[in-house]
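Once you scroll down, you'll see the structures, which are given as structure tokens.
Consider the two complexes below, in which chain A is the common component and chain B and chain C are the respective partners.
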Partner chain A sequence: MIRRAERIGFLALPGLSFLAIIYALPLFMLLLKSFQIDGQFSILEYVTFFSDNYSMSVLWRTLRVAFLTTGLALLIAYPTAIIMARAKGIWLSVFLVAMVLPMSVGVIVKAFAWSILFRTRGVLNDTLMSLGLTEAPIRMLFTETALIIGAANVFLPFMVLPIYTVLRQMDSRLPEATVSLGATPVFRFMNVTLPLSLPGVVAGCAFTFSLAISMYVIPSLIVGERQQTLSMLTARSFLYLRNEALGATISSILLIIAISVVLGSSWLASRLGARQ
Partner chain B sequence: MTGTDRISLALCWLFAIACVIFLMLPIVITLAASFTSSAVYTLPPPELSLRWYQSLQQRSGLWDAVKLSLNLAVVSTLLSLILGTLAAIAVTRGSFRGREAIATFTVSPLMMPGLVVGVALLQFFREIGLRDAYTSLLLGHIVITLPFVMRTLLASMAAFNFSLVDAARTLGLSYPRAILQVLVPNLAPAYLTGGLFAFLASMDNYPISIFLTDARNKTLPIKMLQYLEEQPDPSLAAMSSGLILLACVVLIIASRTVGLNRMIQG
Partner chain C sequence: MKDPETRDMGSNKYLDVTAVGKAFKGTPVMSDMDFRVGRGELVSLLGPSGCGKTTLLRIIAGLTAADTGEVMLDGRAITSVPPHRRNISVVFQSYALFPHLTVAENVAFGLRARGVNKAAHGPKVAEALALVRMSDFAERPVAALSGGQQQRVAVARALIVDPVLLLLDEPFSALDRKLRETMQVELKTLLRARNMTAIFVTHDQDEAMGVSDRIAVMSAGKIEQFASPSELYARPASAFVMDFVGLSTRLTGKVVETGAGRITVHTAHGSVTAPGDFAAGTKVTIGVRPELIRTEPGENTISVTLEDAMVLGSKTQLHGRAEDPNRLLCELPGMRSSLTPGETVNFGWSIADTLVYEAST
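And now, the complex of A and B:
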């Protein structure tokens, strides 16, 4: 039996070697390339990037948008997940469809829909004007707020579902037990529900943040070329500027951020798991 | 229930309803915009018309892009299901060290920036002299689909009772046959869920595909963004509605066979 359990490990080889060659190796080579100029080790590209005002402003914008998108998504997702975890029957179906259908529709369709909504002569402005909230149409498309709203919309299901899954698994009698012991609702939420749901919150935030930091289709449709993000700058340096050194540096920065988010969140998740 | 309880619960309901409306908004807008008779996006449409659906026939290269995208999504998902089954069995049943790390590694492409993976593949394929666009796209799309399959298969195999496979072996089935006839049918919901999400992710991918295409091999997302730049009329909403219809069909299949709640937790 032991021999078979060891032999079974070889079944992982085709998939693992595929990912090692077609995914890990290219990423590693890209990272290596960003530290090289004419075959020599150099951090010159990074020095150039971090001392350039324009690229720094793009870096900050990317981080800011990703943080705010994650925050907005969490703000909407948490109460929704609480309700979803308690919902039954038709309401549960409504919530599930509202999560899974947008997830299945794809980014391009949704980003395109938001670009229609945010147009100066679009639905949102028409509604605002007919309600008398504003006299003249507000410029919404091409603004950072529009980008954050659109991005939060696209990534929302990825925030709701992990929190919902954790809350659903939580023994529903637990909060009631604390009530019978005389705890106030606030005390109960802060000391029972919130700590138990934290692994879901961490998973949702990490996933949303890593998607938001590297999104490309959403900003190109909603804010366009005027306000670049790191991904757009990468695409531009490869596809239009043909400046591969710059592209490799920016992609490596994105890669390093993504890897730290993955490692950081799994570290946090294991610590939270150990505490419980 | 105390008063504070009722107020906070009502507040949560308010958020939840707003969230549902917010999530459905882009889909409703796209559908509404696609049936307009006017040449620009005006909502609500002044008159209902199917003219933009008819105009899709005149879009050059649209059908080729649809065919290429479907081809890539189906082939890469099937290959991922095979690779994923083998790897997930190894991780679940093996006794070697580093199984956790392998599990994390195989799911990790989900969280890596797609554009960076695309750039890395572009340079790598150039380095090894791979010039064929279809092959590059297919390899890239397996990187997209494999983590979706791995995620669901790992979760469901952890809960699967492997003594069923052992029982089938004592009844005389070879190991591969036992996997095919016992494990795969038992985990059908996971295969369907992982497969469907993988398929949809491949259909929708832009950031990796854009670096691997050539003039003759353009996937649907690339073609759609190109149309959007060249001629952004409501026929794009009609195309999008087609994709929404595809997603609805996939979901109806999934909810009838697996159930939506199981689908998202797989």
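And now, the complex of A and C:
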């Protein structure tokens, strides 16, 4: 007889087979292709990629943008999540709607909204100039800074929601217990709130980083072709250069980064959560 | 009515809560609350759900700000001192242990928060854990502990900082009956040995009787009576206290005769004489503790039809037929299986054992 836990495992079958056919199989084929030249096993494509200055600069830019986007999103998301975890009733609903609603507005719409904000004679520059903070308009659109700000904005909910969830699950008596043991608010934050929220922070960073490293639409719209990222390079290899081997190689590199982030973060989260 | 003992404690007021009032969103929870506790006293706040026990405790701890009034501790006003500088430890109902820390780290938390030299932690933690017999669990994560063990850790964590006052909000309510009784005895012994001043919140009268020197019976944001367990049981200050602490036979009626410190009350179960001075025509509530009643004629005697006779081992409980709000209850020592429902018996007791209160209308 099959044990109960194993039988319940069958419920995961449809989901698993869906993922296997639609997701894992094509990616595996891609991975295979990146190691093949004329049907022979070869790592030549990788050697070419890693020894090419241009490809390496794109790789670094992609990683840098993803890191900074994740950092900026975390900086904004953490206080937001704390306030949300304390909010009650109507305010909580307002916050949740504010988090979820923008997700339903397409990235393209947002990108054009930003261009109104960021462009040379845009709202932001006009304000800065009228305040006398700057003489001439600052070039903001088509810069990496604009890309990071825009990406952090789009991915913010993926950072806020996991942190909010763990903070919300925290026993509401813990802060009071901490205070009655003589802890200052700063000590309480450093020793109770922060460590208990870390699993949420790890999850949020993993989501945001994975999304940021593979984003395509946002950089295409904000910085355009001049500053390529790995995803844009992949698309170009497949669509314009018709160089499937190069495309497969870059995709595989992206895939490997994404898998390491996911595995690393779940290892970290389970280590952090093990004692709880 | 104010219990005389509340005022007598004035000479020994270590904790002094004066005229404290608190309202939540315009709904008053308590007003003009006076509450005094002597050094080293173990005191319980006893009362029905929602009467304001937790609120009073939180005001003393500084976790809730009072709207009016003053809290003094050891002669110092602490009303505006933030909770982390009051040195008052709280044991919460849910224990509120830190899930990311081990037992030893939980216990050491207060020392770390106060910046106590790290070298001093080890021996102090070991001592605190030994006190609650949890030394073997020092390195365990707290999630792996049973309810009773978690409670011990919570107590050790609260005591390690040598608090000037220990507050416990229903500390035993999450434990099963047997463990609860063990823990009550254990904790009482422990607190006594350290001459700790402690306030327990509870709505379990047996628990209050068991652990405390004095009990403050609360009702709707007021202290009805603040006295020793035996005083509370023998001389309840109001019908509410009589009903809340222990069981009783209870009769309502009207005073028909008065004089020489005695009144005669007409009730649905006959005439009853009680000590007291109430004007004729006053509506009163009469009470008698069940173990003071015998099934034979006494100074007061009423005839009762038995509804149930419950043999409880050490005692037999007789329930007589009565209409609300009257209640007829008698407890006889030992097992009396000869008494059967439907039988008519006499309930007799002495005039001096008769409690009488003006009925609240």
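Note that in this section the second predicted complex is superposed on the first by the 260 of 276 C-alpha atoms of A that agree within 3 Å, B and C clash if a C-alpha of one lies under 4 Å from a C-alpha of the other, contacts with A are read in each partner's own complex, and residues count from 1 in each chain.
The working rule: a residue touches a chain if its C-beta (ideal position, glycine included) is under 8 Å from a C-beta of that chain, and two chains touch if they have at least 3 such contacts.
Please read all numbers here as calculations on a predicted model, not as lab measurements.
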Touching partner for A:Ile82 - first (chain B), second (chain C), both, neither: first
Contacts of A:Leu194 with chain B and chain C, given as first, second, both or neither: neither
Partner, of chain C and chain B, that touches more residues belonging to chain A: B
Which of chain B and chain C A:Ala12 touches, first, second, both or neither: first
Partner chain(s) touched by A:Val47 [first = chain B, second = chain C, both, neither]: neither
Contacts of A:Leu181 with chain B and chain C, given as first, second, both or neither: second
Which superposed partner A:Val105 touches (first chain B, second chain C, both, neither): first
Chain B versus chain C as contact partner of A:Leu32, first or second or both or neither: neither
Chain A positions touched by chain B in one structure and by chain C in the second: 184
Sites on chain C touched by chain A in the complex: 61, 63, 82-90, 92, 94, 96-102, 109-110, 112-114, 141, 143, 157-158, 161
Chain A - residues contacting chain C, complex: 171, 173-174, 176-184, 187, 191-192, 195-196, 272, 275-276
Chain B partner contacts - residues on chain A that touch it in the complex: 2, 5-6, 8-12, 14-16, 18-19, 22-27, 29-30, 33, 76-77, 79-80, 82-84, 92-102, 104-110, 112-114, 116-117, 119, 122-123, 126, 153, 156-157, 160-161, 164-165, 184-186, 206-207, 210-211, 213-214, 216-217, 220-221, 231, 234-235, 238-239, 244, 247-248, 251-252, 254-255, 258-259, 261-262, 266
Complex contact set, residues of chain B against chain A: 2, 4-5, 8, 11-16, 18-20, 22-27, 29-30, 33, 41, 43, 83-84, 86-87, 89-91, 93-96, 102, 104-106, 108-117, 119-124, 127, 139-140, 142-143, 146, 150, 196-197, 200, 203-204, 206-207, 210-211, 221, 224-225, 228, 236-237, 240, 243-244, 247-248, 250-251, 260-261, 263-265
